[in-house]
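Okay, here's the structure, questions in a sec.
Order of writing sets the chain letters: A, B and C. Residues in each chain are counted from 1.
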Amino acid sequence: MSYEIKLDIFEGPLDLLLYLIRKNEIDITNIPIALITAQYLEYLEMMRSLNLDLAGEYLLLAATLVHIKSKMLLPPVEGELEEEEGEDPRAELVQQLLEYQAFKEAALSLDRRPLLDRDLFTRGAPEEALSAEEGGEPEALIEVGVFELVAAFRRIVAGLERPEEMEIDAEKISLADRINEILVRLEEEKQLTFEELIGERRERRRIIYTFLAILELMKLRMVRAYQSGPFGAIRIFPAVEEE
Amino acid sequence: MDEKVAIIEALVFASEAPLTADKITEILPGTDRKGTASLLEELIREYEQRGGGIFLAEVAGGFQFRTRTEMAPWIRKLKAARPAMLSPAAMETLAVIAYRQPLVKSEIDRIRGVDVSGALKGLLEKKLVRIVGRKDVPGKPIIYGTTRKFLEVFNLKDLSELPTLRELKDLQTAS
Amino acid sequence: MDEKVAIIEALVFASEAPLTADKITEILPGTDRKGTASLLEELIREYEQRGGGIFLAEVAGGFQFRTRTEMAPWIRKLKAARPAMLSPAAMETLAVIAYRQPLVKSEIDRIRGVDVSGALKGLLEKKLVRIVGRKDVPGKPIIYGTTRKFLEVFNLKDLSELPTLRELKDLQTAS
């Protein structure tokens, strides 16, 4: 076997497998599994001997290949269900390979398209240079997106002395949703009972979050809660009356 | 040149992103969607007939002036910096997202057979991919999709312009 | 159009700064200073005769395409209707509010390490942030939160769709 090709050119174990299939001029739907497994393992061994970083995924596929090979060597088990008899142990792998191959080809065809800033270019002049009379704002603007938002937050948190206190989790954000909802309604209706806040949708999760949101708002001194008698309705008011 | 065509030329030229026909219709007085479309047609034809260095491209759901691909060697001489190319790993990840969107990261990992975290982050930073939302399954994983900038960079009118995947059809019949 | 004129058109269009005749001469093969000057002349005249929305202007010792002054009112309309864009300062302030809401201004100041008055005012004007109430402590400080429009602009069903820092970090750790 000749090793003239560079070993780090594979984009993953499926890519290596596709390469071996092409190299041996094999029909992808009828892979001689013993041959391919042997070559695949040989490549892994070589990569290891060259101290190349061998990602876990390569070993996982090696295990899969060995497993398929052993299955194909076994004679059909007596009494096995009719339908399973026809099942090719390679089927799942073949399907995965075909799928990966399709996307690999799609990636190449994307790359062959006329690309912006490689094959064609848009107006180079900045916006404010387009007309003599108008002085545009020079500040760089960011088009908004969720990724940009969380990245901005991360930048700030990274600069803090105690970033751990800024750790946010899904729970806290869900609570913020409920808090916003309560504040909007309080603004409109000036006072509300706990029952009114929960409304028609009496799911457990919603009740808990409503309760937690009210506690949080009381802690923040944003709402006050009163109860008329031991079993009376709990009424919630804004802590500060807007004039 | 017809005055309205001239205004459209100025608007498309001044716009930072591809300008939609809807936006043009909104700005131009006394024009409906159909009128704008035929004025745009006229402008596209005019640039074609001139045979100059730029043309009016229909891209990412809008219109934008772009240099002809034959001009690329000269412009590359002007812009000394090499354009930032995508690595094969990034291209494959992008292809999976483009064809299968909206989808979660574990699905991309599965198709490519590797952990795509690094490639995915790079695509998010380049604004070719965006966070679309969360999937309503346990763990609420983040869903990804391509951006308008993806269409702009790959010179696509819309996603339906992506070439179809021949093999995917085979797969569907096989499975 | 003459091929060399077409190349000049593409070069001037793609250049970030006004392009000098010297630079053009350097890029175009088999042209001297005088040749470039006459080709530029030709291009300027062509745009004049077309009477379109843009023209080739000689500015700052170089050449650049610009929109005609008569087009200014239309372009102002275009700029007024542009999609949501935020300055980095506004984006960071918005991020703090989105992730830490409801909170008071002094808290945002503390986290960002600067006075956020300006950014906050802009976000209120853009209706991405709103006053949700006041805190019952001395000074009765105003409490801020995000709006429904914030969710619309960022294409979120609700706040729980915001990615967490951990999810962002997971993307970063690999490769």
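By definition in this document, a residue touches a chain if its C-beta (ideal position, glycine included) is under 8 Å from a C-beta of that chain, and two chains touch if they have at least 3 such contacts.
Here the structure is a predicted model, which is why all the values come from computation and not from measurement.
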Innermost chain by mean C-alpha position: B
Most distant chain from chain A by Cα centroid: C
Chain centre separation in whole Å, for chain C relative to chain A (CA means): 28
Centre distance in Å when chain B and chain C are each reduced to the mean of their C-alpha atoms: 18
Contacts with two or more other chains, residues of chain B listed in rising order: 13-14, 16, 65, 67-68, 71, 75, 79, 115, 124, 131, 140
Set of chain A residues in contact with two or more other chains: 121-123, 130-131, 143, 145-147, 151, 170
Chain B-touching residues of chain C, taken from the complex the two chains share: 1, 5-11, 13-15, 19, 23, 27-28, 50-54, 65, 67-68, 71, 74-75, 77-78, 81-83, 155-157, 160-161, 163, 167, 170-175
Residues of chain A that touch chain C when the two form their complex: 121-126, 129-134, 139-157, 159-160, 166-170, 173-174, 176-177, 179-180, 183-184, 186-187, 217, 220-224, 238-240, 242
Chain A residues within the chain B interface of the complex: 11-15, 55, 57, 61, 95-96, 98-111, 113-123, 127, 130-131, 143, 145-147, 151, 170
Chain B residues touching chain A - in the complex, by the definition given at the top: 13-14, 16, 57, 64-69, 71-72, 75, 79, 83-86, 88-89, 91-92, 94-96, 98-99, 111-115, 124-125, 127, 130-131, 140, 147, 152-156, 162-163, 165-168, 170-171, 174-175
